[in-house]
Amino acid sequence: MTARAGLRRVTGANTLGIAVVLLVLIAVFGALRPDAVLTVFTLQTTLVETSVLLVLAVGMTYVIVTAGIDLSVGSVLVFSGVTSAMTMNALHDGNATTAGWGVVFVGLLVAVASGAAWGLLNGLLIARAGLPPLIVTLGSFGAALGAGQLISHGSNVAGVPDVLGDTLGTGTWFGVPNLVLVAAAVTAVGALVLGTTAFGRHTYAIGSNEEAARRAGIPVTRHLVTVYLLAGVLAGLAGFMALAYFRVASITGHDTDNLNAIAAVVLGGTSLFGGAGSVVGTVLGVFVPAVLRKGFVIVGVNVYWQPIAVALVLVAAVWFDQSRRRARDKR
Amino acid sequence: MALPLLDARELVKHYGSVEALRGASFTVRAGEVVALVGDNGAGKSTLVKCLSGVERPDSGTISLDGAPVVLDSPVAARSLGIETVYQDLAVAPDLDPAANLFLGRELRRRGLLGRLGVLDKREMRRRAVASFDDLGVSLPDVDVPIGQLSGGQRQSVAVARSVVWASRVVFMDEPTAALGVVQRKRVLDVIRRVRDQGMAVVLISHNMPEVLAVADRVEVLRLGRRVARFDAASTTVEELVGAMTGALSQGDS
Amino acid sequence: GGGGQIGDTGGTGDAKKMVLIPGVAAEPFYISMECGFREAASAAGYEVDVQAPAKFDATLQTPIVTGVLANKPGAVLIAPTDDKALAGPMRQLKDAGIKVVEVDTKLEDTSIASSTISSDNEQGGRLAARTLAGLVGDKPGSVLVLNTKAGTSTTDARAAGFEEEIGKHPNLKYVGQQYTDNEPDQAASKVTATLSANPDLIGVFATNLNTGEGAATGLRNAGKTGVVNLVGFDASPKQVEDLRAGAVQALIAQDPATIGRTGVEQAVAALEGKPVERDVETDLVALTKADMEANSKYFYKQSC
Amino acid sequence: MTARAGLRRVTGANTLGIAVVLLVLIAVFGALRPDAVLTVFTLQTTLVETSVLLVLAVGMTYVIVTAGIDLSVGSVLVFSGVTSAMTMNALHDGNATTAGWGVVFVGLLVAVASGAAWGLLNGLLIARAGLPPLIVTLGSFGAALGAGQLISHGSNVAGVPDVLGDTLGTGTWFGVPNLVLVAAAVTAVGALVLGTTAFGRHTYAIGSNEEAARRAGIPVTRHLVTVYLLAGVLAGLAGFMALAYFRVASITGHDTDNLNAIAAVVLGGTSLFGGAGSVVGTVLGVFVPAVLRKGFVIVGVNVYWQPIAVALVLVAAVWFDQSRRRARDKR
Amino acid sequence: MALPLLDARELVKHYGSVEALRGASFTVRAGEVVALVGDNGAGKSTLVKCLSGVERPDSGTISLDGAPVVLDSPVAARSLGIETVYQDLAVAPDLDPAANLFLGRELRRRGLLGRLGVLDKREMRRRAVASFDDLGVSLPDVDVPIGQLSGGQRQSVAVARSVVWASRVVFMDEPTAALGVVQRKRVLDVIRRVRDQGMAVVLISHNMPEVLAVADRVEVLRLGRRVARFDAASTTVEELVGAMTGALSQGDS
């Protein structure tokens, strides 16, 4: 195994094309506004602002590699944030702002457990009952949001402990925001598990040929349940991270998280038909649009032009990536 | 004569309104190669799928070593020592040959990493290359997804997988259909070797000379039912074809 | 010929029932309005129902209007999500003999509703600009508006009013508005990006709840809380808490409960054939940390 | 060919399960509130309010049968409505409210042409450049909306001719709303073309095995371009219909049209992996959620429970449909 | 000797770093059956794909009737009268056998409906059943998606398709691999019949007795290059195997 082949094993599909696009984007924006773009502040804020989406997108990568889809992540994030915040408040006389680490820890557990519950439900309906993932997760997309509204009576839940907001939310560690550390850890573990373990191998096999995987003795049903469970758990964690970051559990404003995560995964070279893809690609797929949006604001592009420009660059990026691959195959 | 190792009786299997098996029986003993022959659509592959846990028959009984067993999943069949080469190969086209060879039974690293599920890719690759050499398969590049291999190369990988893992019964559904002359000979050699180790081999093939060359017994399926059984040593291609087409009949045997 | 118009059919209904159709479900503004509505309508002896679209969106609100119409209640209080698109369905309400009262927003066509109770969003934007200017004093700096989605009538009006008024303060440089798709994370990102590009940013006007939350987060993340003056719109409990904690410097509050109550009063008057006030303007106030406790009646409610 | 097999040819996949679900829903709501549910008015409005989505979903059916996806339909609808309305206004001194049929006709042409342009762009990028449909149409989703906002300066466009609104928008013909007639015509033609013509056959073949279709001499690239073009044209027509109905070109509120259309198609038994599906199924898939939402409003279900209940029924409907199919296969 | 109908010279085809064809040449004349043989992975299927417009060779020339042609798409090849049975069959699994048989060349109704593109399903079905009968294929139900047929049944559909439409050259890449004894015989009969109508038939097969029984000439491919040519009447299985494995060499022929 050559070093290059080894690298390819971890990164999965070749993601160099999108990496080049990302570097070019940074270079262009940097050249236009070096004072504003190439600063620690911009780097820090860009990283922080993508952390939550990154965690969602890591889970989505697993789901899409199995040829599935999960539309529910944004709503599960909302639901987990709401249950977590309300539990913390309940544990601290209705307002957890001054609560301590114990309460925060319970909040984390509740968030993750809430996400896990939805993920498990998705997984069971998809893998056991054999229903189409799109319909099942569209259902839980609506149901989780509705449930979140129901228990919060439709309004955002405040009262997030200050200790949580000040540490996980806005704290840094040697200049690296803590939220970014969490997202990076999740991403690293996600990439390693998918790329080097039996679990990851089985994920690819199921996406490549589910029937072959079943006949090879892979516990396909259980594995799929686990994958959706994982996506749910990560959505729960993301909900907790959002709670720390915004210091409020928002009800609205997460209805396009699912599409954003899916787009990042596909942009990163994972096929919607499953069997191939990588977490590293997803990371790039998360950052390209984030850098674009940020860069356009900094450079001062007209607001109505911004979505058009983002769309153009996204399509161009994939085009570039594809033609690079084709050229390599020709060689 | 030895007791049957695997014995299926009166299996029935419907697909919608199509009756693929209409009371098929089948027997194989340890240490013998049984050829299962029959016309296209006779139900051979369906029978194999029922006996390897992929499909559940609508009725009928299956017993292993005389005791009835329920083969409700491929895992169940595998845990009883039954391996299968499927006619449609059942490989993961996006994975490389070594990954397919070890699919569902991946080797792990030693120590902590292994317990965390980390794969020993190097070792799997090494062993895969050895298996392929054994079958006379030359792959241009062992890191290429199996979907990009030639038809024969892909079939070789599926065959290699079954013989590596078999412990009691190996079903081979047309394992040599796409193989070159040399590879075909190697596979027949492997079949004999496996038989000599005391395992039962069930070979499905439309190549009658090949069948007569390697099988000890032949069972004939026609329209979803077993219609004849032969001793390979004392039968001819004509007799087999007669049984398959219904020209010659032993009744429901 | 076979020509005609939809709804050329009749039926009977329940005149002792009153329905509120807010602009969107799950917003403290409308929840507070709902509280006022429920309280007043029940007191007047009416059966109540509330049906809200999942989003502030005419295509989602229209089926609700026609669905409510199928029940033929006595009166409907509605916050139309589009000043033209809802004209058709609301005219059907009126044609079926249902009294229609507009709350919060209104149609361009003034012939449909019996009464309109609202606070002027553009006025709210102007008030936000004046409040911000007051907070800043005569320091120079850039000012940003965070809007939701292009075409959302209420927030567009707030942004327009703000832009008009802020021009009267030459020390403040208006750097334009950014759209956030009503997502807090985009609001946060646009604030920090603007900070990168305009380090002299001194004020932000967030036109609704989500943009305000995102902006507060972005500023906190940048360590600029309190340095950059943030003016929000609406006074939900969380926003009030943020104002108290200093994450937000001012809020422009409407009076949704009064809107709801007044809406019921006008609807009852219309049903009973008493004189109806065609246009009722409700208060808008600017809350700052200094005067907030005095104005606590303007705080929105989370639930009734 | 038995009559039943013949019926199956036109309806494509078996859609009886979902049809049963729809009837049960109507029966239940009808039993709860016979006075309000089983009225001409409720029927009329339910049909009218689903007309626009139905037209989008017919185009989406073709796209999904080819194993593609089109996220751009809602934005293309917005764009077409805006260009159409602005053109009509421009032709009539800035306000077309009193304009005549000539202007309306030009408006229709502009709407359809706008839709066609986006559809063509999608098709070329997907079929010719070989880019993933998800990314391309996500791009045009953003770009078409941005372009609509750009030319309308970010506000809704009014001034829709009264003759348009009074006839197509709210007019009826022997009690059937004209909008419904248009949608029904589009659906009927869509169903017949997919079910009985060479064009439809090729659409299925491409979704079933694109490479086989190419080798069989089907002009796959051209066909795919045509399918996305069709989806664009129908989105343009839908934009015009929405214009007539609402009498304003809204630039907000169509961001979930894509998901709604996709969900209807999948609910109607079309697989996201292509090769199978039917327009008749899509019609049922459009009506099940529409009837649910309407019924819940009429029956007076709590707003927060509504999304949960919709999700439950959707998932249950698919479950019922699937187990019915499995039972049939067992027979 | 007749002029070559189809003549390929020095074709080279890379897949990434794999060299599938390294200067392969190939010739076939009208009214002859040429067998193309070679080990697994020799490049036979790749050569067929290059000659039927599915893949474009990196270099080399192809001429038809002595004039160079560019086969840049399957449509181009088909319009020149070239039909192919692909090893991977290339069928649409969700469509029924008749639909697959007429794929890309559907029959339309007469009159206005036909001009609107409406299919004549009844007629296609009738003709499909006749073709299948001709090949000895019995299908349990002709309205079933082809993906649910047995391996041999599916292959028969692909074979039927090619012979129905061929006008000058038919490539058959292992057309009999999954066929039963009877069906195999029928296909070989059909191959002879097609040849006798003056078409050129290119048969790929790993079954040497079959090759010698039906072919007029044999060309041998090894590692992406043509290494030998034989007259079928005057060669033996041993010679062929020798050429395929490299034991016997005619040089680059």
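Residue numbering begins at 1 within each chain, and the chains themselves are lettered A, B, C, D and E in the order written.
Please note the rule applied: contacts are C-beta pairs under 8 Å (C-beta built on N, C-alpha and C of every residue); 3 or more make two chains touch, one makes a residue touch a chain.
Predicted, not measured: the structure shown is a model, and the values here were computed from it.
Common neighbours of chain B and chain D, by the contact definition above: A, E. Where touching is counted per the definition, the chains common to chain A and chain E are B, D.
Ranking every chain by how far its Cα centroid lies from the centroid of chain B, the top place goes to C. The greatest centre-to-centre distance from chain E, using averaged C-alpha positions, is reached by C. Centroid to centroid, with C-alpha atoms defining each point, chain C and chain E lie 71 Å apart. Centre-to-centre spacing of chain D and chain E amounts to 43 Å, using the average Cα coordinate of each chain.
Measuring from the averaged C-alpha position of chain A to that of chain D gives a distance of 30 Å. Those residues of chain E in touch with two or more other chains are numbered 15-17. Of all residues in chain A, those that touch two or more other chains are 149, 153-154, 256, 303-304, 306.
The multi-chain contact residues of chain C, meaning those touching 2 or more other chains, are 25-26, 150. The part of chain A that touches chain B in the complex is made up of residues 1, 5, 9, 193, 196-199, 201-202, 204-205, 207-209, 211-219, 275-276. By the touch rule above, chain D contacts chain A in their complex via residues 69, 71, 125, 129-132, 134-136, 138-143, 145-147, 149-150, 153-154, 255-256, 259, 262-263, 266-267, 271-273, 303-308, 310-312, 314-315, 318-319, 322. Residues 33, 35-37, 39-42, 44-46, 48-49, 52, 149, 152, 154-156, 158, 165-166, 169-175, 177, 242, 245-248, 250-254, 256, 290, 293-294, 297-298, 300, 303-304, 307 of chain D are the ones that touch chain C when the two sit in their complex. Interface residues of chain C facing chain A in the complex, by the touch rule stated above, are 25-28, 31, 150, 176-179, 181-186, 188-190, 192-197, 209-210, 213-214, 217-218, 220-222, 236-238, 241, 302-303. Chain contact summary for the complex, chain C toward chain D: residues 1-9, 11-12, 25-26, 49-52, 54-60, 62-64, 66-72, 81-82, 84-85, 87-88, 108, 149-153, 156.
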